[in-house]
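Here the chain labels run A, B, C and D in written order, and each chain numbers its own residues starting at 1.
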Amino acid sequence: MKTTRLEAFSDGVLAIIITIMVLELKVPHSVELAALKPILPVFLSYVLSFIYLGIYWNNHHHMFQAAGQVSGGILWANLHLLFWLSLFPFTTGWIGENHLASIPTAAYGFVLLMAAIAYYILQRAIIGREGRDSLLALAIGKDWKGKLSPVLYLIAIPLAFVNSWIASGLYAFVAFLWLIPDPRIERELEKREE
Amino acid sequence: MKTTRLEAFSDGVLAIIITIMVLELKVPHSVELAALKPILPVFLSYVLSFIYLGIYWNNHHHMFQAAGQVSGGILWANLHLLFWLSLFPFTTGWIGENHLASIPTAAYGFVLLMAAIAYYILQRAIIGREGRDSLLALAIGKDWKGKLSPVLYLIAIPLAFVNSWIASGLYAFVAFLWLIPDPRIERELEKREE
Amino acid sequence: MKTTRLEAFSDGVLAIIITIMVLELKVPHSVELAALKPILPVFLSYVLSFIYLGIYWNNHHHMFQAAGQVSGGILWANLHLLFWLSLFPFTTGWIGENHLASIPTAAYGFVLLMAAIAYYILQRAIIGREGRDSLLALAIGKDWKGKLSPVLYLIAIPLAFVNSWIASGLYAFVAFLWLIPDPRIERELEKREE
Amino acid sequence: MKTTRLEAFSDGVLAIIITIMVLELKVPHSVELAALKPILPVFLSYVLSFIYLGIYWNNHHHMFQAAGQVSGGILWANLHLLFWLSLFPFTTGWIGENHLASIPTAAYGFVLLMAAIAYYILQRAIIGREGRDSLLALAIGKDWKGKLSPVLYLIAIPLAFVNSWIASGLYAFVAFLWLIPDPRIERELEKREE
């Protein structure tokens, strides 16, 4: 089984998740600039989630370029990842509507954590099929970003109960770490072509 | 007519159905953990429906890999399947919002039943075109899963009026039966390539 | 410019329109069977619109298989068609929520009429580029279905103010006329291949 | 990395944005023709935004046909453009619901402005990779449309506080300027093929 249809389906789901989040930005009935103020935190959480979903799409894209074939296990690992990503609009709306209250902030981090774990499982499933010497395995290498992110989420979640701004700052920091698209796979791909 | 555009359209519809369901998880206005409690049944029914749609996508994917060409009949059999799948968000929301009340639980089972029948019709339509000796016909074989599932739904629907937990357990059990992606078609495909 | 991306975009829009309509089926808060009764007309109008969108997708699919290249005019004629189709969820919800009241029934017919005209314009634009001897021009021939449908809509719209059941019956009858996927283009395509 | 998956993802997001806007057209509970009157401004702003998104899809399509490969920078410049386009349903709903009040009209223009800037950045990123003698660079030439549009938006935004009809007229005028799909790239593509 080829990766094309899996990629197309994942693209579809990611495109919908990223766009559906905007429905949480409820159209204000007032026409004054002040009407935008309560929307501001929703907007900021929308921006952060948009960036996160962009990162996932980017890395997903890179990962499957390095993958040759898809097995049943990879299909389900991919659906598992999409499941957690599909909860982004929910936690984004909750965190935004409550001005970074503790529980929604922690819930946001929990979904981030589960998505990171699901991504890791998917990566393992692909490497398991492709082999330890495969393009993807070499490209990922020690994968310090993939290993550091869940640790930072785990630190941020309890911190949400102390100060939710610090927790949110940590979420944004992890996004920043990933923002640079993974040059490892691109580099390995270029090497191969030489 | 090739299968690509039919697959792309089906992928699009399935991707949207699977993602739109999350809109039933209404963002709670409260910020306490207790606010998540009324969402729990909606969440559980969301998980079950997500798994079901994942199974349908998986099997649909496998089926059309074994199909060569698409006729008008197959197009409409496919749209008929998509129609019943498109009702998943509705019954999922209803079952979740009412903590497994009898009627919504039975309605959920009815949509599952109709989708299973629609899938069976689609399968017949493809085999009818491909022939009894086709890859798909051989791969499916006796199709005990496809025949057992509607029977289990038919048993579960009246049981919803006795105890909706048993009915829901049966729905989950059928999903579990299908969770293992169908190795029959993969096996036949590999045989052919040899 | 090739037709693939235009087809992919149209598929995306059609897939979303067809799926978004289900959001008009509001989850009832009651758990009794009677709770489904007010949803019934919404459901019936959903079924009719689902069939109509299926027909449009089918015919669109056939038409672009016979089209070679896409010009700027065809792109905009296609967007114009998608615009009217995107109003289906709105008129479907309105007709369904008001048990076939006159104005919503007439509005439903108006959108059907405009979509039919938009489809006709798109067809003309493609034939204009492909030429009078092209596959599509030959396949369509006299196009009596394409010419009869707007006439029937024009008859049905004023009838909605007399008896909205007759008008709705006419809408369903036109759908029935089209339900059989257009064998003309398939026939011509097969001839060419010989 | 090829452009196909980026185009497919962008198509998905644009298809969803264009379709989700129709959800702002709330189904009226009344059945009289007068019920459509409050929907009229929402409808008009829907038409304008539909045309704008059609223009963006068209130009995006043309631009990536002239682009060979995609870098990480281009991926993010594209996501940045999609971000601003994803705010169209929000500002469209707001402007429509308030009959062209000043602040929503200005906000609508601001999102138009940011999208135009994001498009310009994306174009620069592609030309930066493809080179100054590339197909795209030659095709775009002086790009007076791309440079005039942000200026007109900048004029229209403060005008929204004087007379929101003039501002809206300017938005519509810019759309009109772009409506003719960019013949420059098509011409260059044809030249190359000769």
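Convention: a residue touches a chain if its C-beta (ideal position, glycine included) is under 8 Å from a C-beta of that chain, and two chains touch if they have at least 3 such contacts.
Since the model is a prediction, treat every value here as computed from it, not as a measurement.
Homomeric contact chain A/chain B: same residue numbering on both sides for under half of the interface positions. Using the mean of the Cα atoms as each chain's centre, the chain most removed from chain B is D.
It takes 90 degrees of rotation, in steps of 5, to superpose the Cα atoms of chain A onto those of chain D. Taking the mean of the C-alpha atoms as each chain's centre, chain A and chain B sit 26 Å apart.
Our note on geometry: chain A versus chain C, Cα centroid distance of 37 Å, whole angstroms. In chain A, 8, 12, 15-16, 20, 23 are the positions where the chain touches two or more neighbouring chains simultaneously. The residues of chain D lying in touch with chain A in their complex are 1, 5, 8-9, 12-13, 15-17, 20, 23-24, 72, 75-76, 79, 82-83, 86-87, 89-90, 93-94, 97-98, 101-104, 107.
Note for the complex: chain D touches chain C at residues 7-8, 11-12, 14-16, 18-20, 22-23, 25, 27-29, 31-33, 35-36, 47, 50, 54, 57-58, 61-62, 65, 179-181, 183, 186.
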